[in-house]
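Read through the structures below before going on.
Two complexes are shown next, each including chain A; its partner changes from chain B in the first to chain C in the second.
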Partner chain A sequence: MPRTEFSPAIFSRPVYPGLISQGAVPAIMLAEGAGAEALIDLALADASVMDRAHVIYIPARGDSATGARLGQLGAKMYHEAPSYAACLERYRKALADAHMGTWLYLAGSEGLIGQAAAEATAAGLPADAILSEHRGPVTRRMQCVHCKGITEEVATDPFTCAHCGRSLFVRDHFSRRLGAFQGVAIDAETPGIVPEPRSIQR
Partner chain B sequence: MSAQVLQVAEVEALSPLVTRFRFVHPEGEALPLFSGGAHVVVEMPDGAVLRRNAYSLISDPLDGSGYEIAVRRDEAGRGGSRFMHAEVAVGDLLRVGAPVNLFALDLRARRHVLIAGGIGITPFLAQIRQLIRLQLPFELHYAVRSRAEAAAARLLPDLAQVHLHISEEGSRMDLGEILSGQPLGTHVYVCGPEGLVDGVLDTARCLGWPKGALHSEAFLAPPPGEAFEVTLARSGRKIAVGPHQSLLEALEAAEVEVPWLCRGGACGQCETHVTSCSGHIEHHDHWLSDEARASQSAIMPCVSRFRGADLTIDR
Partner chain C sequence: MTMRFNDETFRGDYTFRNSPEAVRRFPFPFDQDSYMYSVNIEPHRKTRAGSVFEHRFDVDEHYVAEMRDRAITLERDPLRCQSLPHMELAGWDFLELVMTSKAEDYPELFTLNRDGDRWHWINRPLGIEQRFTFLDATTLPCGPMEYITRQTQGDHALLDQRDGNLWMDAGMVTAQADWSLDFDIGMNFFEWHAPVPKANEMGVFQRALKFLLNLQQGAPVRRLNWTMTVNPRLDTSPETYPEWGPEKRTVTPETVGAKQHLRVELQTLWRLPRSNAIAFPIRCYLCALDDIVTVPKWGRRLHRVLRDLPDELAEYKGFAVNRGVIVDYLARFDDGAETSPGIFPD
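Then we have the complex of A and B:
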């Protein structure tokens, strides 16, 4: 899958400029699904980027071929996990052990990038040491501002909160702290009047 | 620029070359507080010329009872520091501008590493008071050639994280060691001679530090040079700039208004468009882009000079 492109959006929408090699400096690389291709492209452009890299990969269900290719890029450490939750402890440990000069490469869905960047920032990693490339679906990770529950892979606007069941309007307001977009009740002033959901997969 | 008349309350030699001055309000009023890294511009009526030099404040940012600066006597300079050393005595009245900070601490940092060379220690003297008060983790490295040159040594607190490096005594500063293994969220600040500033920034970049965690201040005094002439595009006037005068000072002497803040080529306030130039602009600033520099389309009058047949500026 090629790099995901967005139409120009409002200011608080994150942008993912893509992965650019910072050379053979210490690096943590976290990729999910189609994000593996971004790491493969990165290593093709500059093989030395893997010399001191700790790579964590979350493959799509049933896909073992992509991981096998990633594992051969010569990373100092390579690890696969079935989900973000499953690799979170390892990822946190890698951040806790990191020093200034360590770069973070994130590739995959917007939800993964958002959560992983928020985790890294909380660990003290400067925002300008985080590189990201969006590969994969254009669905959004949404936080309901009413019940605070997170709904993953939202593809329509409005959508139904997976936690409290409200119909939520998809805002372009992105919270860096949560790594999620904000959803607000669409029918707060006109209870029950909810527009037809339309696709946001643009 | 808002300046007020202050009185010199103390003059003290810190080393053979460096003198500390304390300014207070003549009626004892409190002065505006500042933040570590701030500077003030001191006006020096030196014969026919009015000099304005920027000096970092070295006193406690939260102490409004006075402002203190440390001035290094620069024999090769244009005369400001010589004036301070030779002419200024306790009781004198001088105009001092309001504090401006172009070298502030980034308080989002989790740890602050301060690296000073020689007189570049001055902004850090105020910053460490702020850091100690806020109980933020920091370390200070102060590099000097000889013990006699370590003017600020006794103004520094006796703390384990304050390191004095005296190259003559073999305790050279090892930048690679200082910058390796720093925890995530550390910011680095460097102030001193250009060689040290470049050394720190280059070492940090090689080690992978991102730009946003690096802060530098090269204390730039306007360098003296050859006399030159500039033409003012708006009035057609020609202004002569003396060898020990900056272009900014010459414009001010001719009552041409130019905005300024740092007078050291860092803030960008005085940027002036060049309308025609045949010759060579000696850019000494840290502001203009390489393209603007190469195309000679702009000049920073506070520090930069000119050599050649004609320089016409949009003033």
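Then we have the complex of A and C:
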């Protein structure tokens, strides 16, 4: 799956310029699903990028082939996890142990990149040490502004909040701190009148 | 000077009212018969006795009721007041600025006695007396920013300055025109303004940021911003949109004059001395259309501004759905006469 080209949007919406090798420097690489292809392309362009890399990969359910390819790229450490939640403590430890000059490579969905970048920033990694590339579906990680619950992998607008059940419309406004877009009740002024959901476009 | 404080509400039965004097000093935001974004920043210096620009932090007849309304909102949602850990010093800076300004500008209402770092604060309208040690947060009932902003009308953001940008890293926000501090905290200047249409392409934010990064201590600046609100409600937050959203659809030709309010923000910006942060008070003034039109110049001008406003701005400011009713109402007060320059009544 190729890199996603997004349509122009508002300033708070993140852009994902793509992964560029910083050479054989200490690196944490976190990828999910189709994001593996971005790491594979990265290593094809410069194999030395893996020499000091700690790779954490969250494969799509039932996909063992992609992880096998990723595992053979010669990373210093390679770890597969069934979910972001499952590898979160490992990822946090890697961030906490990171020395000055460590680079972070993130690849996958907007939700994965958003929350992993927020975690890294909270751990003190400077924003310009974080590289990201979007691969995979254009689903969004949404925070409900009313109940504050986060709904993952939102594919339609409007969508139903997984926590409070309200119908929310999808804003482009994005919080790096939360790693999420903002969802707002679509029928606040006219309770019960909710338009047909449409697929989220890029 | 004696000040009378209204016993009134900004929710539920909405008993908020402006006295005739409060209407006369309402900061009408349009200095000409049309509106488009501009940086429109001017020095925040003492202007016109009796106006909202006379004092550094204007205190008016709504003070006590507004603080009561803030306390209700905070009880329901404590996330309306947040401060990232590195912002405590800026909170002290702001507390000092407000206390010293109010004690000097309103000696009948506020008193500040300072003996080194041992401070004694008296707020008569709210019945507060507090002895505390400046820069020691354990001597206040809450953090310094929360403490002083529970006693100061308007929302308040504290902006950290670093990396050539301003970061909204602390705030007290209970009277906002539909934005969420909890969502926006930690954002830089461009990010938190991102939802504003048109202004980015116009370069407004680039110029404003450049100006603000050079803001000097002792030289605060101000600007007016505006929107429209149905019912005199301070808490028009996205969080509570399901509560106030339905009220927006209750405007009729019969009720528009009483229900539809022009909402004006007097925004001031202050460089803080120790933290080098910027304090950004956003003071909200509400005025019903029925009261606006008691000043003939304002009735004429508001009609022309709202009639000719680009659709995108009416949509963003959230009154597109009522625009027709509002403009029809105001048209009755526009006889086509010329209006004088400036914002003040003739």
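The criterion applied here is as follows: the second predicted complex is superposed on the first by the 200 of 202 C-alpha atoms of A that agree within 3 Å, B and C clash if a C-alpha of one lies under 4 Å from a C-alpha of the other, contacts with A are read in each partner's own complex, and residues count from 1 in each chain.
The rule is short, and it goes like this: a contact is a pair of C-beta atoms (placed from the backbone, for glycine too) under 8 Å apart; a residue touches a chain by one contact, two chains touch by 3 or more.
As the structure is a prediction and not an experimental result, all values here were calculated from the model.
Visitor: Sticking to the clash and touch definitions up top, decide whether chain B and chain C on chain A clash or fit.
Guide: fit
Visitor: More residues of chain A are touched by which chain, chain B or chain C?
Guide: The partner with more contacted residues on chain A is C.
Visitor: Per the contact definition in the header, classify A:Gly124: touching chain B only (first), chain C only (second), both, or neither.
Guide: In the superposed model, A:Gly124 contacts chain B only, not chain C.
Visitor: Now for A:Arg171: first (chain B), second (chain C), both, or neither, which partner does it touch?
Guide: The second partner, chain C, only.
Visitor: Taking CA centres, what is the chain B/chain A/chain C angle in steps of 10 degrees?
Guide: 60
Visitor: Determine, under the contact definition given at the top, whether A:Gly101 touches first (chain B), second (chain C), both, or neither.
Guide: first
Visitor: Classify the contacts of A:Val25 with the two partner chains as first (chain B alone), second (chain C alone), both, or neither.
Guide: In the superposition, A:Val25 touches chain B alone.
Visitor: Determine, under the contact definition given at the top, whether A:Pro191 touches first (chain B), second (chain C), both, or neither.
Guide: A:Pro191: touches chain C, not chain B.
Visitor: With the two structures placed on a shared chain A, what shortest C-alpha distance in Å links chain B and chain C?
Guide: The answer for the closest chain B-chain C C-alpha pair is 5 Å.
Visitor: Which parts of chain A are in contact with chain B and also with chain C?
Guide: Shared contact residues on chain A: none.
Visitor: Tell me, which parts of chain A touch chain B in their complex?
Guide: 22-23, 25-26, 95, 98-103, 123-129
Visitor: Taking the complex as given, what residues does chain A use to touch chain C?
Guide: On the chain A side, the touching residues are 10-13, 143, 145-146, 148, 166, 171-178, 182, 184-185, 188-191.
Visitor: Would you mind writing out the residues of chain B in touch with chain A in their complex?
Guide: Touching chain A: residues 110, 179-186, 204, 207-213 of chain B.
Visitor: Okay, in this complex, where on chain C does chain A touch?
Guide: It is residues 79, 180, 182-187, 190-195, 200, 238-239, 241-242, 245-246, 248-249, 321 of chain C that touch chain A.
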